[in-house]
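What follows is a pair of complexes built around chain A, which joins chain B in one and chain C in the other.
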Partner chain A sequence: MYIWFMANSKLYKGSLVTIILKLLNESNKMYGYEITQKVKELTRGELKITEGALYPALHKLEAEGLLEVEVKKVDNRLRKYYKLTEKGNKETVSKLQELQEYIKTMQVLVNPKLSLE
Partner chain B sequence: MVRLEREDIGFIENYLENSDIFYADIRLEMTDHVASEIEQLMSSENTEFYETFKSYMVNNKTVLLENNKQFIRAADTSILKRLYFELIKRPTLLVFCALLFMSYKWLLTIDVENLKDYMVMIPIISITPFLIVYVCSLKIFKIPRFSGVERLGLLYLMSFQVFNLLSLFTRIYVKSEHNFYIVALLIAIIVTFSLLIIKITFKIINQYRNDYKFMKSL
Partner chain C sequence: MKISQDEIQDLYAFTRQHFVEHYDLQTELVDHLANDIESIWIKQPKLYYREARDKAFKKFGVFGFMDVLEKRHKAMNKKYIKYLWLEFKKWFALPKLLITLTVFIAFYTAFSTNMASYVLVLSYGLIAIWCIFKSIQLNRQFRRRKEKSQKKWMLEEIIFKQAGGSALILISQLPTWFRISGDYFDSYGFIILISIFSTLFVLWMYVSFELLPNKAEDLLNETYPEFSL
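On to the complex of A and B.
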């Protein structure tokens, strides 16, 4: 499927929401294409998010009340910006904590020596 | 960086509309995404608009159409969630109890035989208020085809079926004044639902008017 295309997509698929929330937490507001470009830039092209994965995730987060939208006219067209709601900010903290714990656990499993240091 | 002209943006939007992406909210987002991608490609590959657009669509049209379907599903989920959250609020329960009491008192003043005739009309009468609200809002605010607004139709249809079923079921029980509490319950359920649906309709329309105030028709 056309969700992600990269070295091992399955490992990253479950983190899409966390990535979106983290990026929105760092910037005040972002639009869809900007998010895809930011991810590409930060990972030096290693990770690419397709629109088929990004927009359904954004709309789901919006429906859950974690994001709010703002539409502005930019470059001859309308642009939909997303920003975190108060509930979204809380969810970002929780999701990041969850991800860090996951990474720590994986570290213990994959490289026990390194995790003891 | 290349910037697309107004005509190019219009071309993309028309293409998406002709590809069955009817809803204005999803189309404007897709238009912006496609336009941004094409601008990027035109700058990096030094190509013309039509050639870049054609090549982009050959590779991405399926994804865009799938995205449209997922967006519609998200809109339906959002409406049903709103209904659920409204249903579990305390004021809803209070309104329901008040309606139940008032309906029962009113039914005691009515003849049983006449009541059966009235009940046939309950489903039609029950959906009329929110259809009036919906049509009037669209006419007054001239809202474009937004997914949230159009998908309310699904909620109306579901409500009509539920009301009809409840009405049919209740008619079997109306044999004497002793069974009036069942009819009162039906009336209370239908009116509470209708009020909630009207409230959700207003909320959704106002949200679109607020979020999309840059659109000409708003």
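On to the complex of A and C.
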């Protein structure tokens, strides 16, 4: 299964959940297609979330109680929106901290001089 | 250009053709495909609906909806286990705890007699008959519900069709239990252990075959906001 439809896919593979949580944290509620488009727009097409990776991640987060759903009729169809729960808000903070720590550590390894300044 | 109502119905049929039978997942995929088709039409307005649909579907990869379907099932099973556990836990708090203790004492007393091996086979045999009866009954209920609503929900199918399935495998080992149990019924430790196990087993069966199916309506409403739409 393709997790990310881009050249350096492996580097981004573990961050899908964090990206979803962060986007939902900023937008209150979003639907699946909207998330794929938002990531594409923010990264100017550099990063594309595949459908085969997005929905399993959303369903898993929902089953874990981090997301809750809301369904609305939009145009002529039903649309499922995802929202963060209280548990999801806490998890977002912790996931973002984790990611920042990771970036810091990578910075030390990749560019030691810069990190000492 | 916006997608028409007939095209929405075609998308539902399209997801069914690609092995997505459950309405909850179909609805989400239909909306996704519809959004993508409309966005494809912005760039290529002359593209026929079916061409745009196939283009949108290709983005799901070589396995189509299979990955999404498989992971959705896994996630829904997790949710089912959570509901099962929430109901199961109530039997260890008052007032239901009194019933749990009564069942335990009944098993302990029965397994302390010199007919313990026969009691074991008889009690588990009765549980097995009840489970098979309930399985058939729930399957029929599920079929009737599906015919009435013309929709199938994943959690509903798990509640009505998978209830206590693994327990029947355990019960099928009854002759082996009978052969080996005779040697251990002299030990108090073994009698306590088998009484605890039997109590938990009876509760698990009762929750999955009786309580959760009775609460199906509430659980489905809680899981799927679109259930009552």
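FYI, the second predicted complex is superposed on the first by the 117 of 117 C-alpha atoms of A that agree within 3 Å, B and C clash if a C-alpha of one lies under 4 Å from a C-alpha of the other, contacts with A are read in each partner's own complex, and residues count from 1 in each chain.
The rule we apply is simple: contacts are C-beta pairs under 8 Å (C-beta built on N, C-alpha and C of every residue); 3 or more make two chains touch, one makes a residue touch a chain.
It should be emphasised that the depicted structure is a prediction, and the values quoted were computed from it without experimental measurement.
Overlay on chain A: chain B and chain C clash in the combined arrangement.
Legend: residue contacts after superposition of the two complexes on their common chain; A:R44 is shown touching neither chain B nor chain C.
Applying the stated contact rule after C-alpha superposition, one finds that A:K60 touches each of chain B and chain C.
Comparing which residues of chain A touch chain B with which touch chain C, the overlap comprises 2, 31-33, 50-52, 55-56, 59-60, 62-64, 69-71, 73, 75-80. For chain A in complex with chain C, the residues that touch the partner chain are 1-2, 31-33, 37, 50-52, 55-56, 59-60, 62-64, 69-71, 73-80.
Those residues of chain C that touch chain A in the shared complex are 2-5, 8, 27-28, 30-32, 34-36, 39, 59-61, 63, 67-68, 71-72, 74-76, 78-79, 82, 224-226, 229.
If you check the complex, the residues on chain B that touch chain A are 3-6, 9, 25, 28-33, 35-37, 60, 62-64, 66-67, 70-71, 74-75, 77-78, 81, 211-215.
On chain A, the positions that touch chain B within their shared complex are 2, 31-33, 50-52, 55-56, 59-60, 62-64, 69-73, 75-80.
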